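In what follows, structures are represented as structure tokens.
Presented sequentially are two complexes of chain A, the first with chain B as partner and the second with chain C.
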Partner chain A sequence: MNAQRLRGLIRKEALQILRDPSSIAIAFVMPFFLLLLFGYGVSLDARHVPVALVADHATAETSAFFAGFRQSPYFRPRTYADMAAARQALMERRVDGIIWLRSSFTRRAVRSATAPIGVIVNGVNANNARIIKGYVQGVWGLWLGTQAQERGESLVVPVDVRSRVWFNPALRSRDYLVPGLIAVIMTLIGALLTALVVAREWERGTMEALMASPATIAEILIGKVIPYFALGMGGMTLSVFMAIAVFAVPLVGSLWLLFACSALFLLTALGMGLLISTIARNQFVAGMIALVTTFLPAFILSGFIFDINSMPWPIRAITHIIAARYFVSTLQTLFLAGDVWPVIARNMAALGLIAVFFFVVVVRISHKRLD
Partner chain B sequence: MDTPAPLLELHNVHKSFRVGKTRITAVADVSFLVRPGTITGLLGPDGAGKTTLMRLCAGLLVPNEGRVVALGFDSSKEAARIQQSVGYMPQRFGLYEDLTVQENLDLFSDLQGVPRETRAARYGELLRLTGLGPFGRRLARDLSGGMKQKLGLACTLVRPPRLLLLDEPTVGVDPISRRELWAIVSGLVEGQETGILISTAYLDEAERCGHVLLIHKGMVLEEGAPADFRERMAGRSFFATATGLSGRAIQAQVAGEEAFFDAVVQREGVRVVMRPGAHLPVLPGIAFVPVEPRFEDAFVERLRGVLAGTAGTAGTAGTAGTAGTAGTAGTAGTAGTAGTAGTAGTAGTANASDVMIEVRDLRRFFGSFEAVKSISFQVERGRIFGLLGANGAGKTTTFRMLCGLLPPSSGTLMVAGIDVRAAPAMARAHMGYMSQKFSLYGDLSVAQNLSFFSAAYGLKGTQRAARLRWAAEAFELAAFWDTNGNDLALGFKRRLALACALIHEPKILFLDEPTSGVDPLARREFWGRINALADSGVTIMVTTHFMEEAEYCDELVLMSLGSILAAGTPTEIRARVRTADRPNPTMEDAFVALIEEHEAQTRRAS
Partner chain C sequence: MDWYRVYALVIKEFLAVLRNKASRMVLIGPPVIQLIVFSYAATFNLRHVPMMVYNEDTGGASRQLIARFQGSPYFALKGMLKSSRRVADIISDKQALMILRIGPRFSRDLALHRAARVELIIDGRNSNTALIALNDVNTVIQAFSTEWAGAHGWRAAPAVLVTRSWFNPNLRSRWFIVPGVVGLLTLVVAMLVTGLSVAREREAGTFDQLLVTPLNVWEILLGKALPGFLIGGLEATLIIVVAVLWFGVPFTGGVLALYLGLFLFLLAAIGVGLAISSASATQQQGLLGAFLFLVPAIILSGFATPIANMPVAVQYLTYLNPLRYFLVILRGVFLEGDGMGMLWSQYIPLLAIGLVTMTTATWLFRHRLT
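Let's look at the complex of A and B:
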């Protein structure tokens, strides 16, 4: 390792970054827009769900029951005259569910007999359907309670559930999606930065000149990693800042640990990018490979949205080789739960292994030869 | 005489590459030495294996068999040591285009471990040598082609290497920059310490080397000092003229003569080269004037000899060689006439007033920069017209305006009687275009490429089938009908490109450096076809800064800094720079002299 050569390579790379805005765009503009887009767009909370309310025979009781829906922030109810109209509205997706009170509802409810409620949910979006069902149950439970109170009775339930939600008491999905999103975005950016720049050297023929110079492979690779590591950490800082300032995600854990983990993760992403461009040697192909092999697995298989435990075992096995998996869990833990060392240590060890793997492979397959 | 130890030794080097399932031999049994104080030239056409040899010498490739020893280090074991000491300039030198001249020099100084204290002196020397001094802060991408090559050379020289490997440093560089590059390179060996290995596809550069290797298909055909070649060819080259006969008619007469192994049509006559020991034949009405032998003559002789040698039937193959060129030209001629049936009738009697391209007061501005300054010229039907100029002379801009790809700022532009400014698409229907690079679809077969281009030009039904048949026959492409473009040999790629350009029977054919880097035999074949096309009434427009090609033109215009400096036949243009101490100026001499004079005037005026 020769300090003069390495300094020369790093300075060259830095000058290129400053002159060619595409790297800066990848490192800063891309996370900015992706975070805005996904941060506001991706939400797993159902709010303002349009539901149809149908009472075959409207009475004071039915309106009292429906009032629960009207007051709930989760629903945007609309009243329909009969089931036929409501069914039509559901078909046309103007509403996602129907609450149907038959003409016998009032009579039975007043007699304290069991009153049937019809709940029809559009199951096309299974996830939303499940949420609606849950909310309907909540509204109905609340109504039962008020009814009992009015009659001076206490509602007798065999068990008393007192649930507490830890780390995210408000159950805001954004609070755990945004940290996961940062992991996904940084995977893409890290890999894209190095994948494109090394391929560019091959395309422009500058690699041959470097190869024929006294610089060693290690110097050439380190000369690439250091500047883009700095750039990637800049993008990371921007993302963390946006998470806290724009999306109001609480940061419970310590900032230094967050950056230490991010640095380690960035190395895995940069290493992957180096590997891609060493194989592809063409910017377009390298870009496509980087997108497909980093962004998609990070999105689907990292546990960012889809729960890993509910995947079948072969897919679960695959998730273990995806660096983003460990980083998603690390970031979610650091942001919401704090410095939980057992989790973080395990994840960092995995990230370290992956980073070492990529760099060893890259050094192994890179020769200062053209054949 | 004690010869200093060689800096580079190649012993029986073989190199082959696996392409798909086949192995392609790039270098076969090559041995040579490079000694200090000499420039050794690797001369050969594109695809001869020059770049592979250079990379083998730089330790970037390792031979399958044989040994490469550079500065005492064996490339199979100590490639890193070689790379620490040699200077290697790849063909597309890796300049960082978004770095300035100075930053590129700094980077390569860092890589080569040049101590900071000595840099200032070294930079000063290199910038003086390359004339890049005033451009230190300019980005490499904003330099002209010639300046880029000079900067590449400067970067290779930041630490003076004992062995310098230069891979085609003069490719794509105009003659003026070429001369400057050669002056720098020649200066480097003066100290008798440095040895240089340089490769080039321009055979006329052989004279500048101390030792020359002719490379063809990965093998060394011949080696020696340029003087040896000159001596061998002395007194065997002539220019044949006859009053009242066109060049092609003369060629038809001399082609049958056993005495000649080469006959190339040039404007008003034919350049012929005799076999060794032959006597000049007496042909009625034809006068032979002795001309300077060219290095290419030796190459062609050797290539034809090789053809004879491998065929086993030396005598017949030798004649087949000569007949081959004439023959293919002949078939192309007849086929061309048959193909362009409409114009064929007027072919021989092309009317002098039949103007196919007319350019009057053509100007083009890019912002406030005037790229083309009010130029005028006209081209008659069936002529081969050359547009010459240095890099940045406005050739490409003019060319694009002629093709209707770039609207002129002002002026008149008529092609085949159609106003290009008013109806560029209509004008383009009469044009064919063939570029320097292979610009066809490499993943499509020969047949598919031809079908696509015929469809793109709106050919249908029987007419289309007839043109495809014509292409298969005239260009002998039938054997490769289902071969993908990428898998064709270089020569066939060019044939296919020309066939595609001619598929719609254009009245005007545009050629952009069509034969730079092509081996001399393939070049003869190509120009044979072009001459036949011109005879059949197709107008040919050539843009080039390759002087060899200029000689094939009927008329030329020479452009510099956006205006036309000289116009006329090649002979007339050469005559303009004839002086007492330069009685026989070459086209390159004329080019350099006229452009330098013009640039000096312009600089004085501004």
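Let's look at the complex of A and C:
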């Protein structure tokens, strides 16, 4: 390893970055733009769900029941005269659900004869449908309570669950989505930064020139990684700053640990980009591979939004080779739970292994290509 | 328009994309693998949620309640705790997602017709998973409660909810996700084929050669767009067949309605791809542009999270997104039995986006000429 040669290579790479502004755009404009878009765009908290209210025979009791829906922030109710009209509205996606009180409701409810309340939800978006069902249950539970109170009885159900949610008591989905998004965005940026650089040299024929120089393969690769690593850490700093300042996500863990983990993760992402461009040797193919292997797997297989435990075991096995999986878990823990060493040490060990794997493979392949 | 010249250009474009072995593989292999992997992975239905129980009660009622959790596919009982000492460690180290604590008076309270209390501690780091798991726990406990009330002569509630879900009776999120993946992958393929096609020629310097041939701007545009239509259409068909045959997603609507939607969607997607490609001078810029379009297009399409949950300003932004309309068409045709008549409100915006982006691409062609 020759420090002077290395410095020369880093200088060359830095000049190249400065002359083509697209790398700088990838490192700074992209995280800013994407985090803003995702932070506001991705939300699983359903609010103002449009529902149709239908009472076959409107009475004081039916309006007392419907009042719960009018007061709830989760619903935007609309009254329909009959089921035919409400069904039409559901078919045309103007409402997501129907609450239907039959004509016998008042009579049976007054006599405590267990009146059925018809609830129909549009099940196409199954997750949303389940959330809506939960909200309807909440309104129904409140109504049962007031009914019992009016009659001077106390409402007794056999088992009463008290649940406590740790680390995110208000269940704000943004608090866990934003740290996850940082992981997804950094996967993308890390791989994109390096995916094209080696491929470009091969395509232009300058790789042979570099190899003919006294610089070793390791020096060439380190010379390429260091400037992009600096760029990537800049983007990471920007993302963390935005998470705290713009999205008000609490950072419970320590900042230095967050940056140490990010640095390790960035190395795996850059290593993956280098591997892609070394294999492809062609910018078009390298770009396509980077597109296909980074963003979507990081989005879907990292546990960022879909629960890994619920996946079938072959898919669970695949998630172990996705670096973003470990980073998502680390970031969610650092932001919301604090410095939980067992979780972080586990994830960092995995990331370290992946990084070493990528760089060893890249050096090996490059050596072979020299001959 | 000379069709023979366009035909020659299409052949050349196909060769440019398919001649390279690696690029051939990238176009055909990953979409199918991704469809299968993502469709299995992308689910909001929880299974095997790791839980632990701390039971201080010695009566039979608590054992009945625990048996219900053991028998449920939604939960995986990881162990019984002997004391509350390790609760904090278990949750923060992710050894279990939740701990159910049953108090020492559980069976006695139930025997005395008093409300028996259980406590649930849940890891909220992933708040959506926590929310779904809470719902699942409530379902199990409510079923236990109702049965207990019936069997031991408690007072009945004045009204009960009878819930049905239309179009997807068992609320399988896979039925929602798989049609979404069809749209997602079609978009990615269309962008890959067209996003770099002009930029590649510009970087190699062959674009100038193309311009001095007798081909006019419209013929070049058509020649660049047609491979995208063919490859995108074929891949979409393959993915739809896998969705129906492999995943058993019901296909209840009209085939023609779906293909009209696919055609208009490809028109819009290819228009965007060509516009990006003609605006960029190098492949790196083209790739960056394709990315900067693809990623928000996927996030803001309603693929994973509903558009209705977004802030109003962002909701307006989604009207520019072709994937948004195509997802409505796909889900409508697959699950809701929609025919062409129900979908005009989706077709027309797609057509509009397609015309605008194609025109922009042509303008950029000419603009870059001078």
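Assume the second predicted complex is superposed on the first by the 367 of 371 C-alpha atoms of A that agree within 3 Å, B and C clash if a C-alpha of one lies under 4 Å from a C-alpha of the other, contacts with A are read in each partner's own complex, and residues count from 1 in each chain.
Definition applied: contacts are C-beta pairs under 8 Å (C-beta built on N, C-alpha and C of every residue); 3 or more make two chains touch, one makes a residue touch a chain.
As the structure is a computational prediction, the values presented were derived from the model and not from experiment.
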Q) Quick one: chain B or chain C, who's touching more of chain A? A) C
Q) A:214 contacts which: chain B (first), chain C (second), both, neither? A) first
Q: Answer with first, second, both or neither: which of chain B and chain C does A:2 touch in the superposed model?
A: first
Q. If you stack the two complexes on chain A, which partner ends up touching A:226: first (chain B), second (chain C), both, or neither?
A. neither
Q | Partner chain in contact with A:206 - chain B first, chain C second, else both or neither | A | first
Q: Using the superposition on chain A described above, determine whether A:44 touches chain B (first), chain C (second), both, or neither.
A: second
(Q) By the touch definition at the top of the document, which applies to A:12: first (chain B), second (chain C), both, or neither? (A) first
(Q) Quick one: is A:343 in contact with chain B, with chain C, with both, or with neither? Answer first, second, both or neither. (A) second
Q: Mind working out whether A:105 is in touch with chain B, chain C, both or neither, as first, second, both or neither?
A: second
Q) So which positions on chain A get touched by both chain B and chain C? A) 20
Q. Okay, in this complex, where on chain B does chain A touch?
A. 17, 55, 58-62, 79-80, 83-84, 86, 88-99, 103, 106-113, 139, 155
Q | Interfacial residue positions of chain A with respect to chain B in the complex | A | 2, 4-5, 7-9, 11-12, 15-16, 19-20, 201, 204-216, 368-371
(Q) Touching residues of chain A toward chain C in the complex: what are they? (A) 20, 22, 25-26, 30, 33-34, 37-38, 40-49, 65, 90-91, 105, 108-110, 112-131, 133-134, 136-137, 140, 143-144, 147, 156-169, 171-173, 175-176, 188, 192, 196, 200, 280, 282-285, 287-293, 295-296, 299-301, 303, 305-307, 309-312, 314-315, 318-319, 329, 332-333, 336-338, 340, 342-343
Q. In the complex of these two chains, what residues of chain C are touching chain A?
A. 20, 22-23, 26-27, 30, 34, 37-38, 40-50, 65, 91-94, 97, 110, 113-132, 134-135, 137-138, 141, 144-145, 148-149, 152, 154-169, 171-173, 175-176, 184, 188, 192, 196, 200, 282-285, 287-288, 290-292, 294-296, 298-300, 304-306, 308-311, 314, 331, 335-336
